[in-house]
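Working notes, structure below.
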């Protein structure tokens, strides 16, 4: 039995949530998880249908993007995942999908504004959108540079990856992360719902303003931080 | 066996209707019911997934928001529910969700106009939307003040909670109620459908007027009041 | 065993198609069928949930809207159905729903334009919308007058109920009919799909013109009339 | 056992994907496959519901549109399929549906612009839309001319059927093809998703530009051609 068995199981289960939550059709989308003690990540193999996926298909790679265990080629987005794990050092899982409403905002190159408490329950800021990638970045090392696009928008806007666990890559689609692979998919599902709600809201009233800061803070901090009183802990 | 067993079962069953009717993802949303003779309400515990919920998880609280029976923390929205039960003294159940179309109208801070007989079958008025909460109210006692927001819009517009069993809290989302917990979820489902129909109608023709009063009255009173002739009673 | 057993079974089965095709929530919508030889129609009882419906619940009424067999109150829309059967003497079933896209067009008081071959496969004309009912008609005999609204728009636009098997009642919603109760539900489902396609098309391009007459005729007549060559007969 | 048994099974299975992927209601849509060695195509019989379809119902026709094996009438769109197989000599399957978003773009007579990487993963170009058919073509041999409409737009825009595996027929709907019948349905499903994403994107920002050429090329060529590195081969 592999020493990475529990990582493989966790990542396998999280990947199956993508079709269950209808976040992508066919093989679009992938989830990874990390074992920071062992210094490896587990990630979906490239182009495999969710129905065909087995726990042992999960590919174990190291921080140099080298395969440590597994017979299949890892997701073509592996370098993006690895870079994020290196720089966002508290996260335990990453989920990339092509869910339709989030993709639509990414294609429109618009951040998703914070229009209500469903959004504020999860993050204070708008869901950020990266810059469009330069031709130089595309030619250099595309998937690695996708990770840099994300790092750049977090740096430029002074965002914390612990407080903002989701981002739109311009012209491409959503990435989300969290404490575990399962939490990353949860955040990807929430992002799609927030993208849909914002879409509907702005169709009803294109001039809807963001909600006031006091209401954002109230909702965010009743769920997060030391004074949180939502949930059972 | 608990003396509140039947209340717990009723509230448990009503909560399971939220995911069945696709009114919310994950743990968003909650239903409560009341036993007015015993002076207690039963409500969903905070942050528990519907799939994991058991009848005995339903928390019994009194009108002072104190736990009477149950080992879990009640919904963070408990004070909103309790206030509504105190002031709307004929209602038997309350349902709060984050269903997407109703949330969109709440975020756009627009009441849902009465555009057709599906709406008029259930209520005469527009579905009201509260004022945005003031900073003072947010800081004071947020969930209690959410209840006051609802009471205020009913008072200001002269609405009866028996005739209008649904409301939008601005920047937040829908609350519905009814004679029982099950009826509250029914009204939450109807509200989402009315929100969707109004959205689609105003996309086709942004200048669609409300339907005429005579048609509203005809549909409302064939289903409600002493001359009703819809249904089997 | 009732002499109307097969009519009851047919109408029962057709009613169950309403939730299967997602044409309405809860008890919204009803289907009827007719036995012209016996001079009776079978119709859904008023306000009964589809899940609870049994074949023997189908109410048998005559052309005077009197109950011939059955213990429940028939649909509140019974007089509308009966009037249509009296005047559209070739139809065998009628279906009324509150499907969301068709309702939206009805609430917007707009006929559904013929924008493509999916529409032309089923009818040549736009799907007509009635006039808004006058106060006098509403007060007189509402459900009977709903039938007259439909007859009026067919008379005014010179439409044939054999060629146009669907209509929108303004501010209310869709009615469809056909050779049988099952065919009536089929047409109600097609109408909802056409309503959705027209909605999407006009959002993409609000100035989309109706399709040309030669293309309408080609599609309609390859499916209908003596030179039809679609299907197996 | 028929010498075309495996072709029938392949085409049968591919047709069942149409309702599974929700690409059409009722009998709308059809899939065919080809056995180029035997010079025959297998195609869905006309007007048969997917639930009733059996492998032996698949009709085998030759390049002169004559039935070689089968007791049912082939799809009324058979001539369109045959013409495409004759001119696009590398394709192995064709799928025609009435999926709603693709139909909406076809009815709006607009090509679907390439707005993001989900699109670029599958094709470089916009999804083309044909000209509206002339009255002469409609009268001559409608289904054959539908094939010519498709050939014309590929010729006029210099498109390759191996690189662009999908098209919109104006005022009608989508056709897709691929190396096999299964791949044709895959492409029809992808086209519907791209149509939906483009619809949502342009609702958010009607002035969204197409994505840059370097990004298109990166995504297309990581999945296609000799330097592809997506998937397991």
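Letters A, B, C and D mark the chains as written, and numbering starts fresh at 1 in each.
Note that a residue touches a chain if its C-beta (ideal position, glycine included) is under 8 Å from a C-beta of that chain, and two chains touch if they have at least 3 such contacts.
Small disclaimer: the values here were computed from a predicted structure and weren't measured.
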| item | value |
| --- | --- |
| Intersection of contact partners for chain B and chain C | none |
| Same or different residue numbers at the chain A/chain D copy interface, by half rule | different |
| Cα-centroid distance, chain A relative to chain C, in whole angstrom | 46 |
| Euclidean distance of C-alpha centroids - chain C vs chain D, Å | 33 |
| Residues of chain C touching at least two other chains | 203 |
| Contact pairs between chains, per stated definition | A-B, A-D, B-C, C-D |
| Residue ranges of chain D in contact with chain C within the complex | 25-26, 28, 45-48, 72-73, 76, 98, 100-101, 103-110, 132-133, 135, 138-139, 142, 171-173, 199, 202-203 |
| In the complex with chain D, residue positions of chain C that touch it | 115-118, 186, 189-190, 193, 196-198, 200-201, 203-205, 208, 211-212, 214-215, 218, 222, 229-232 |
